[in-house]
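Please go over the structures that come below.
Each of the next two complexes has subunit A plus one other chain: subunit B in the first, subunit C in the second.
Then we have the complex of A and B:
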């Protein structure tokens, strides 16, 4: 992953040369050199100095993770440098302070390097006028169709119009019209009239995604963004251009006209579609997930995520989700649905769970050592795998989890499609290599040595333990999210939660332990696996752990050497590196 | 607090003058123009600017003016409005407007007739009209759906037809609207 390695922090950073500049009269000290989008050290620019001074400079084309283009002119600021006399020596004021010679012309803050003693002014009347002027030009041919634009509510053009826009347009001529609803690729719709030609999308797809598919054609006010003739904009990273588009020109077909952004609740989470563990924001409203967006984490995914992971959320709201607790004793209950069509937990759900878990723990208690196998999933969280490992140790069970491989790429997508393979390895529940114990378990079921199998989140019939073998078992306990062959054969079926429905941590391929939060409610009787495992372990081992995910995580870090020293609170938004 | 009762004087104790005074008022009103209205047979003239039930309107071409921007749903204080946007395919018969609500519901039992929806609407698609007596026999009857709201709202005579202007301009420049 060339892009990511560059942004990773170095072990021993060399001493950083600092420069003092003044932003609106406040002195700040900034490094002389700053890593650019490739991680190469380049002179720090005025916009970065302003950011260090917590002064916001409006901009469209500038993006910290893209090459600088400097074409939108929105970040124009005034500045001054230390005045030099005819002898090239600094001139001082009578009071001893250095004399500042204000530059005759403004400069774009995104592309102008800073110099020692420089003074930057972002709040002068001239700067305000320049911003108003630039905005008026940008709005000349803009269609102003905010009511039908998906970007409305998170649009930079709207935001800066509130700050610097005029209430009435001085432009009386007909606007230049451009193609609308252009089908740019399988996942993107382009509205050329809304485009402000910042070229962020072009730079992204050329430099980051290495697919030079987009460009601008025609001249002057007829400038039009388009895909290369005959080519569709179709790579695994196209939807990132929708995120970085400051206006509503590039919109996602998946999210198009689905929900206005101001209704969406944003939850910090982790993408579970591969072992990279991209940081994401889940946008949901009324227990329905509408979209995933990448969340910046310099050490993991920078500002990006792949389309495959981004669109892999629809299964969470599937109609056939497992939502009912099933035990051999009970009859098929009456399903209750709420007004939204999703299943509701019955009134006695909690009591039912308690009774079923008591039964299971009783059976596991009595089982003789070696007669139990536990098959975990590397899609489970660290906490769940830790609890499952403890259960396995208690009953002397053989454990493993199933590998899940796909095709990786050089940017973000990992060939390992399990989000927590590293966690399963570090906790010690996976075979070495992962999946190597599965054949052994199959053989022992055939011998009749293993009589009880506990399966979490995997369809074992696809991993060499077929329906015939499962039929020989005395007891099959399965927890899963969606129905499959294994859940059909289960004696006890414990409906679990998808990761946006619970909290927990994943360990990504590099060993970064990252936490995710709960975005939506689980359907019906489904419960977070860590909760039911904790209850089960309490029944089996008689030891009380933590009743909250925070306490459970802290208990795990105390016991698992790889996670030593971590706490839930200290994980923060970016996670922490495991000791591998 | 103790209220002191004044003793009545002779004139007040006479009783008849008060009766006559009362009758005078009655008789005066007997010959005046009558103000009582035989509601519901007789209906009240609703004044201009009255805030009655909010309905959706169509434009002169028969297009649903609402584009499901959901600002009214957002601003509605009692959350009486519920809109389901059209989804990725948009509204096929809306032309260059692209969007129209898939479903639009107003719960008239929740509505407080504040007029925020009309004020916030960027498309002039919802108006508080003059209906004030909404009745039904079940709660569901008073959740008005899109068809009902449009039928009750009727046609709004637009002066500025911005979408038509946009389409005409684009066509003049050789672009299909």
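Then we have the complex of A and C:
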């Protein structure tokens, strides 16, 4: 995605030329040039000037990250420019102020550049009337099926109807009927009757996803959005069209009919499906995740995310999630489930965790230097890796983490499928290159030098340390989320949290340190790994650290050079660049 | 008595005149091109030198030529907007997508005198440093495209096109591109999109002014067939001489297409503004009057998108009086001089020069329904008001002409139409589909109301006559 590279911070930005315009009588100063959807500097438009003046201009087709189409006509505004006399020189009022001549025709705010002294009027009766007119036109052939429409609650037609709609329709003609439930591709269903033909999806697919799959057929009011004949709409970015569709025309097969959007809780998070670290919003209700949506971060993912990452959340709610703390002395207790069907922690869970962690710390403390290996996961957070690294240093353990590679693309999907490889490297827990210590660990287990292995979040049997080797160990301590061969063989099994169940930070492939918030509760006895690692480290080293993620992060940045100077609070929503 | 003034169509209808190159050459063809290509640079009194092409552009500016496609925009001004410093090639496109209902002038030129168009185009291209030009021809003109291609081959064979036209060192190639049958391709930016191989969605202006960001995002000139022919005559006779034809600000000749209820429908080339609308309809040299026993009801003066004039309509216009002072005069519709400015002042336009005459046999509601159906069918559907409004109006009119009218429909139609034009749409199609509705309904409101009322009364009567619906007895179950 070339636009993303262009938005990287530069050393010394050149001075920005500004011009003054008035929006509804209020003067604002705005840059003369503004980056367009490709990051190229182009003349600032009226809609951007209005945004600077905090004046909302309703629109459907305009999207700041797409080429301008100017077809919905909802953003029509009136404007005036400095009047010119017959000699082509500016005319002034008696009081010396420039005389403004109102333009005879309105202009679309999304495409019309501003000029010095320009006055934009968005609240005149004529503008209101034009918006009412456009909205009426958009609604005459609309099926008005909000009660069964997934977009209801986040629909621009609904929103602007409140402001510019009419309570009764004067349309008495038969409506235009178009295809319903069109199966556009494996992840998208289209309702052409709801479509307002704003072409956002077409422009996104053509210009951003580089796939000329969508287009319009027929003419006039019969215009119909469709996939190119014989072509399915199945690139890895199709679901972004659902996000940018201002109405309920394009719906996600995954989210369709699952939940009314006004019930959803939104949590800021990061996609963990690859090293790009797309910023996302997790929508959940009653501890269940319903969807991921991209969150804008110009330096990382713009407004987009890939379908692969977006749909990679089902495992979080899997039935077989590890939810029980297990130690060698353990007796399998009675599982308790809450009203949502998920496992609830037993009453004595906290005490049990304390006892188990004490046992583990005791073993680790007594362990001979060189007899312990710690295998971390680049899916863990920076804070967890930092704590694990400290434990490793304390007990003199060899460490590494497992690489996870797939096929990348030129847009957002990184070939590195770990969300925090950079963090693992910067903190120093990963081998150089990542995974190169795994064979060494296997060899040392084989020759009996390593007797204790701590594994976090990886099935090491798939990384060269097979079940036979694990069977030779005196002690296998495993923390994970889902069951696998390694967890099956574990002596101690510490159920961990999926990242939407805890807070923390990841460092993406470009070194952007980004934080994510907790969206849902973990199942059963599962605990955030940073919490239990913190307790473990306290037990092993006698060092007390921060008891909150904020404090832990700030402690980490004080110690890890790459994160120097960062604070949890200063990360903000967009993150900060590590010193690499 | 006003007469035709045949400048562009001078030879077209002469017996024995054929579209071939030999015939054109026999009639002095391509002489103007030779002169244009060999024009010597001229030194001005202030020491500046004007090249041949610059002189030609000045002549066009001097001629006052206004575009013959419909908008009547100054050709010299249009050429002056062209970005000549961009370093990109400049393209010229001949707009031969003549589709406005009632217009049939460009096809006369293409079918009967194609070399005149080519000569005009080559001169216009030379004047604007264009080396690649296109003729975008309406898809329905199948034969026209063949004739043009034949003419282009003849011209290439005679070195009138190619790398060194007539040994001058100036090179130009012209290609014919056939449209696929869409009215919107006559809109210049829609045409450019179509020529680029895309859906003919007109572009937003700003930023896509053809003179700066036209075909393939390069500076582009789009001129009508008749306009380009006029360029040939301006180059031949000089801009000042051409400006003597017609009337001030409405110079030259233009071909008027007269259709509808007249005795002599057809095309007539006249000096702009020298003939009145009434003369064009009634004079024996032109329309020859209405059919016997019929009287005039309405005139659409500039193609079907122009606002209609009602018979007997009077306009108060400021005109130059006998002493040269401007005085306000009341003028009957038929006495309006047929030019660009007067018709705009009278609230309509001369558009593409197509006069559609409607006599008293016309059902005005039917006529408007017909026009509206055309525009609903031809709307490209890109922007909201035109896409939805055009079909809405057409559906309402269809209802009104099929016995389902309502008394309130006149007002209903006017309100829909009012939400479309006036800069609300991307291109002028919004105006084109709304103006007929606005003007028909405003000027013949009684007919629309009467028709709707009659429908309502008829339906009420039918309802009364129909058997009364048997009342359904509702029996309530006492137990519930």
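Following the convention adopted for this analysis, the second predicted complex is superposed on the first by the 578 of 580 C-alpha atoms of A that agree within 3 Å, B and C clash if a C-alpha of one lies under 4 Å from a C-alpha of the other, contacts with A are read in each partner's own complex, and residues count from 1 in each chain.
The rule is short, and it goes like this: a residue touches a chain if its C-beta (ideal position, glycine included) is under 8 Å from a C-beta of that chain, and two chains touch if they have at least 3 such contacts.
Not measured: the values here are computed from a predicted model.
In the superposed pair of complexes, A:73 makes contact with subunit C only, with no contact to subunit B.
When the two complexes are overlaid on their common chain A, residue A:113 makes contact with subunit C while staying clear of subunit B. Judged by the touch definition given at the top, the superposed model places A:260 against subunit B, while subunit C stays out of reach.
Once the two complexes are overlaid on the shared chain, A:180 sits against subunit B while remaining clear of subunit C.
When the two structures are aligned on the shared chain, A:462 is found in touch with neither subunit B nor subunit C. For subunit A, the partner that touches more of its residues is C, with subunit B and subunit C as the two candidates.
In the superposition on chain A, contact is made by A:143 with subunit B only, not with subunit C. By the touch criterion stated above, A:40 is placed in contact with neither subunit B nor subunit C. According to the touch criterion, the shared surface of subunit A, contacted by subunit B in one complex and subunit C in the other, consists of residues 174, 176.
Only residues 143, 146-148, 152, 174-181, 253-254, 256-260, 262-263 of subunit A touch subunit B when the two sit together in their complex.
Interface residues of subunit A, counted against subunit C in their complex, comprise 68-74, 76, 104-108, 111-113, 130, 133-134, 136-138, 140-141, 170-174, 176, 196-197, 215-216, 218-223. Listed in rising order, the residues of subunit C touching subunit A in the complex are 182, 199, 201, 204, 206-207, 376-385, 387-392, 395-396, 399, 406, 412, 415, 419, 422-426. The part of subunit B that touches subunit A in the complex is made up of residues 67-71, 73-74, 85-88, 90, 96-99, 122-123, 166, 169-170, 172-173, 175.
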